[in-house]
Amino acid sequence: MNDLSPKVQNQLSMLQQIQQQLQTILSQKAQYEMAVREAKRAQEEISDAAEDAIMYMSVGTVMMQKKKDVINSKLAEKIETLELRIKSLEKQEKMMQGKFEQLQAQIKAALEGKGTPTAA
Amino acid sequence: MNDLSPKVQNQLSMLQQIQQQLQTILSQKAQYEMAVREAKRAQEEISDAAEDAIMYMSVGTVMMQKKKDVINSKLAEKIETLELRIKSLEKQEKMMQGKFEQLQAQIKAALEGKGTPTAA
Amino acid sequence: MNDLSPKVQNQLSMLQQIQQQLQTILSQKAQYEMAVREAKRAQEEISDAAEDAIMYMSVGTVMMQKKKDVINSKLAEKIETLELRIKSLEKQEKMMQGKFEQLQAQIKAALEGKGTPTAA
Amino acid sequence: MNDLSPKVQNQLSMLQQIQQQLQTILSQKAQYEMAVREAKRAQEEISDAAEDAIMYMSVGTVMMQKKKDVINSKLAEKIETLELRIKSLEKQEKMMQGKFEQLQAQIKAALEGKGTPTAA
């Protein structure tokens, strides 16, 4: 570590930070994508049921009895909201990915330009 | 690593420990904040329902049928408890953050004061 | 780090990537295995119940009242799907494990062949 | 890394493995402890309810209507099982902690006995 210039050390720690932010974004995206899949499976499941079938929808720890069409429209709304959030996360992901690659290239150039410290 | 003084090595491992504790606090806080948001969404959801609407509340794996006003007051109580815990975590977070920055400054000073080992 | 050849540095970062992919596979497998255990426990639980017992099945946030035999066949289907996915993950795991060991041996050989840099 | 003897390098990687195993044990224990707390809260919640109150118990994705006393005994059984698992994890934790400290002391002794490599 001590052999690296303060600038490169700084860039390395920025690289690590970006990597962590990317991981946070990716895991958030994976959670939203799973929620979308689940909501779509629920829509499918409901589509087979009679209009007056007894069903509940949960919000956190509370389950409320609701009619099929109400649940259907709530699911559609949920999917729409989640898909907007996923798109926004994908924008952030691309931006971070770009920053990451740029920084990685800068670090690589700095290390190669410097040569090995014992050779100096 | 061997080039660092035992004192600095010690400070570096303390820094890592604080970072892990900070991460634990932050993820706990995020969980409580999500639970608050969920409880508030449930309150909203319930507010539209008739007084005699059929609803359940879950505690772990058990769901019990309860009246709207009972669920409402239980949710309010839950939100209050969670918000107190979040405030307490935020205090811990600030304290840890302070320790982290202090230690980081000490390490930086020690490394800069020492110069590069090959230059000695 | 600077003392390692670019090739070995590259192999080390590949090793880290494989390790992360292995962890993702293992945690995914653990989740599927837990879902299988849960579905089997549900099947057991149901087997004691009367044919006309009131029961619900949840898909995401939606719970629908269903007959015992419908739930039973849905659980059987779910277990089958999950077990196929687990088998596929185990194949990936074995392949990754093989790559990991191969790369580890290559790195070890490179480091031993090189000797310590200060001895040169 | 190259400055460390193969033996110490080996001990360091064992130390890392033990640390990971300890983390797995601790997170498993935390999950079981949370499940115990939840089951106890459910028992409390149920204790206030009428004998004929409508309640459900979930196993995975299936919810079955059950009588209060049946749920109560199932919760008691669950708590007992979980507490046995927690005790077993605590035994493993202690054993791992012992191994960890022993290995840490060995590594420290090896590094101190060796002196700094540049001073040789």
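The chains carry the letters A, B, C and D, assigned in the order they are written, with residues numbered from 1 in each.
Definition applied: a contact is a pair of C-beta atoms (placed from the backbone, for glycine too) under 8 Å apart; a residue touches a chain by one contact, two chains touch by 3 or more.
Since we're looking at a predicted model, the values are computed, not measured.
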item	value
Starting at subunit B, fewest touch steps before arriving at subunit C	2
Third chains touching both subunit D and subunit B	none
Same or different residue numbers at the subunit C/subunit D copy interface, by half rule	different
Rigid-body rotation angle, subunit B and subunit A, from Cα fit (steps of 5°)	90
Farthest-lying chain, centroid of Cα atoms versus that of subunit A	D
Length of the line joining the C-alpha centres of subunit A and subunit C, rounded to whole Å	20
Whole-Å gap between the CA centroids of subunit A and subunit D	28
For subunit C, residues that touch 2 or more chains besides their own	3, 56, 58-59, 63, 117
Topology of the chain contact graph, where touching chains are joined (line, ring, star, complete, other)	ring
Interfacial residue positions of subunit C with respect to subunit A in the complex	2-3, 56, 58-65, 117
Subunit C residues touching subunit D - in the complex, by the definition given at the top	3, 35, 38-39, 41-42, 45-46, 49, 53-59, 63, 71, 75, 111, 116-118
